[in-house]
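Remarks on the structure that follows.
Per-chain residue numbering starts at 1, and chain names A, B and C are given in the order in which the chains are listed.
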Amino acid sequence: MNDHIVKAYDNELKDLRSIVSRMGGLAEEQLVAAMKALKELDADGAWHVRSSDRALDQLELEAERAAIVVFARRAPVADDLREVVAALKMTGIIERIGDYAKNIAKRTLAVHEAAPVVMPLLLEQMADEARRMIQDVMDAYVHRDADSAMEVWERDEALDNLHNAAYRQILARMMENPNQIGALTHFLMIAKNLERIGDQATNIAEQVYYTITGIMLEDARRPKRDFTSTELVEE
Amino acid sequence: MLDMSTKVDPMTEIRTPKMAAKDVNVFYGDNHAVKGISLDLYRDEVTALIGPSGCGKSTFLRCLNRMNDTVATCRVEGNITLDGDDIYDPKIDVVQLRARVGMVFQKPNPFPKSIYDNIAYGPRIHGLARERADLDEIVATSLEKAGLWNEVKDRLDSPGTALSGGQQQRLCIARAIAVNPEVILMDEPCSALDPIATAKVEALIDELKGRYAIIIVTHSMQQAARISQKTAFFHMGDLVEHGDTTQIFTAPKEERTRDYITGRFG
Amino acid sequence: MSNTRDFEPTDWKSPEMQARTRKRYRRDRTFRAMGFSAVILAGLFLVLLIGRIFQDGAMGFMQTSIDLDVTFSEELLGDPRAMDAEAFEEQVRQANMSRLLDAALTAQFPEVTSRRDRRALIRIISGGAREQLRNMVLETPAIVGTTKTVRLLAADDIDQLRKGKIDANEPEANRKVKDQELGWYNKLVEEDRVSLNFHTRFFTSGDSRDPELAGIWGATVGSAITLVVTLLIAFPVGVLTAIYLEEFAPQNRLTDIIEININNLAAVPSIVFGLLGLAVFLGVMHLPRSAPLVGGLTLALMTLPTIIIAARASIKAVPPSIRDAARGLGASPMQVVFHHVVPLAMPGILTGTIIGMAQALGETAPLLMIGMVAFIVDIPGGFTDAATALPVQIFLWADSPERAFVEKTSAAIMVLLTFLIAMNGLAIWLRQKFERQW
């Protein structure tokens, strides 16, 4: 894309974009840190994740301010308009991802306080998949690659499938060890959080795709393989 | 203001203004055109004066380099200082004042002379160049600063009036820069230009910011939002609101400002 | 019943509408036809005027000459070889050249013997012939003692006869050329001694009572000196006045009164300026009468309003943005005017000045009042020499009784018109040249 005649405008957009990608990186780190703390049942690590979330909130606020300035001063249109609107929405979504990571950390503390329970392996797989989705979608954003964004958007299915499996696995363990039900419920919720993170990554992919191409990916076309909230699991 | 604007540098509050207007009143005969305006203008920022037609913003601008002197019926009261000196003091030489406070007008008005002579005119009458080589350098530097050098360096002898409208306006800016002013006044510099030429002039203003105190009158609120750091809203000769541009355009404090910039003016 | 009703769609094709259209077209055509006829009529008048002047004046540039075999007698003129140059010159100056002519004519017409007839015979040659012969001898003294065929100017009546302005078929009593002269003329024609040549003398000599000797050079030089005076006074005064009034004068009653009076002065009849010149320059200042200096001063008074008005108009036409630009850079009021306004207004100022000068060149009445109407043979050499001007010369010749002055008058008018057209052409050229550049 050609530069704007007024360089300051380019700089403002660049700043906005850099805030968004910084947030993406931070959210990814938060997720990794939260999962590490969960796996090792590390209370300090979990505390650290909880307090780090404030940085994300701060960045979101910063992005919001920058976007408002661009709206007020540049009256962006076309690509620029999509860029700013998408950035505004993406920061909201990424902040939500951060919240999920924080929630995982919070549950880690709860699990830590109760009797320690081994983390189901599937959760690690899920976290891995979610992390990669975030990483890939942020790469697509930075490199303005619509195809990669579309690919991430379609990959949500895999995470949904993993979530279905984890759900059943945890449920099975609950039936086997009713005394661990407290901790396992937390794991259930953590699995749900990871699944939500995947959903948010697809939302980001939608925004990235829209920014680059101007085409909105309808929600209807999103692959949906998570049936846990719509069916009862029979054992 | 505090939460929406970018952080205020503590230096901002103690630095001294380049130009300061205190309780300035301007009359055209019986018409009270500017009513008790006080405004500080700083060296490293662009101040935009906005407001509906006839609000006194252009009149106020023209007081800052005494261009109103030639209007027989015009009377200016109050106090305007440049680096602390009253510019309406009878001891002030108006010719020197205008060299220090340059002006760019609404319609591009290059002299019907060559591009070179357009730029060289100011330095010549003020004796800023001792020899031809100095003058050549002033011309080249001014055109470079105005971002016009690459476009005209091969035809400095062709008439300035043969340039396109946008180039003419940048030539006028270069001409103002050539006398090494401290303040540049711009009276709707883009109102006669197409959007691309406008953008180029705005980019230029953005680059000149910091080297000169720039005060620009504009009819386009968008332009004020794009290029200025401070915005002053005039209405019926009053200064309604003055503040950071971002604050004015995101959270104006005065109802009249809000109504004007949002297009609700009654 | 509602008061408002919907507008019917206009039927642009209805008969009334079409009639309206036709009527509009007809009016358009009539107006254009009238305008065109007016132009044609004006053109016809112009062609008529120019044609008439040309018809009368074309022959004014030609003059009839008679070739005679003149014997430069040594007896009359002295021998240039035998005496020193000064004495010879003195003798030639004193010699009665008529005797040479008389002898030549006697040789040509041996049958004419009576004293009265011979006096009539010598009158077919111009009175200027004696001067012509004298000059020939002074130029080449070696000519003395030889016989040469010399082309001598014919008298004005013979010239008119040659040009067909005098009809030989009219009864003798109504004719200026009598039968006897006609006979001599015819004999000369038969011998191919009569010729019609381009008359350079017309452009090189001053006024004369004899049409064949009269020229416009004196009047042209008089006009030129007069115009120089006019230009030197009217241009600077006019332009400075215009600059002051446009750029510096305060807007008050006095300025208004001055402005109105300048405009009024432009409409004052020129004879009034002549009277003013008479009263002030001759009456009060006692300048010499008939002098180009006084004529120039008087014409300058007359031209001033024209120059002031033209200069003000072109100064006013300089866009105010240029003044703003210069002032914004710190130019002083005088720098604004002399660096920017005046150079830009100059083409207009020059045009106005040239047109004013052309007007002055064609002016007669004021010059009559200050005595530039005298009969002056000498070519004026300075500002205070007695002189006349081209239009006055035309006036004088038009008043002369000799038939031959009619064509001289028209010829002089043609010369004057040429000058005027040239000046107006210069004005147009200047305007276009400077306007094209920027």
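Here is the rule we use: a contact is a pair of C-beta atoms (placed from the backbone, for glycine too) under 8 Å apart; a residue touches a chain by one contact, two chains touch by 3 or more.
This one's a predicted model, so the numbers in the text were calculated from it and none came from an experiment.
Q: Over the chains that touch one another, what is the least number of steps taking chain A to chain C?
A: Counted as steps through touching chains, the separation is 2.
Q: Taking each chain's centre as the mean of its C-alpha atoms, which one ends up farthest from the centre of chain A?
A: C
Q: Pick the pair with more C-beta contacts: A-B or B-C?
A: B-C
Q: Quick check: how many Å separate the C-alpha centres of chain A and chain C?
A: Comparing mean C-alpha positions, chain C is 102 Å from chain A.
Q: So what's the Cα centroid distance for chain A and chain B, whole Å?
A: Inter-chain centre distance comes to 49 Å.
Q: Could you state the distance in Å from the CA-based centre of chain B to that of chain C?
A: For chain B versus chain C, the centre distance works out to 60 Å.
Q: Multi-chain contacts in chain A: which residues touch at least two other chains?
A: Counting only residues that touch two or more other chains, chain A contributes none.
Q: Looking at the complex, which residues from chain B come into contact with chain C?
A: 65, 67, 70, 72, 95-99, 102-105, 107, 109-112, 121-122, 125-126, 159, 161, 172, 175-176, 179
Q: Residues of chain C touching chain B in their complex?
A: Touching chain B: residues 250-251, 319, 321-322, 324-332, 335, 339-340, 344, 437-438 of chain C.
Q: What does chain B use to touch chain A in their complex?
A: Against chain A, chain B makes touches at 4, 6, 196, 199-200, 202-203, 206-207, 222, 225-227, 245-246, 249-250.
Q: Taking the touch rule as given, give the residues of chain A at its contact with chain B in the complex, in rising order.
A: Per the stated touch rule, the residues are 4-9, 65, 68-69, 72-75.
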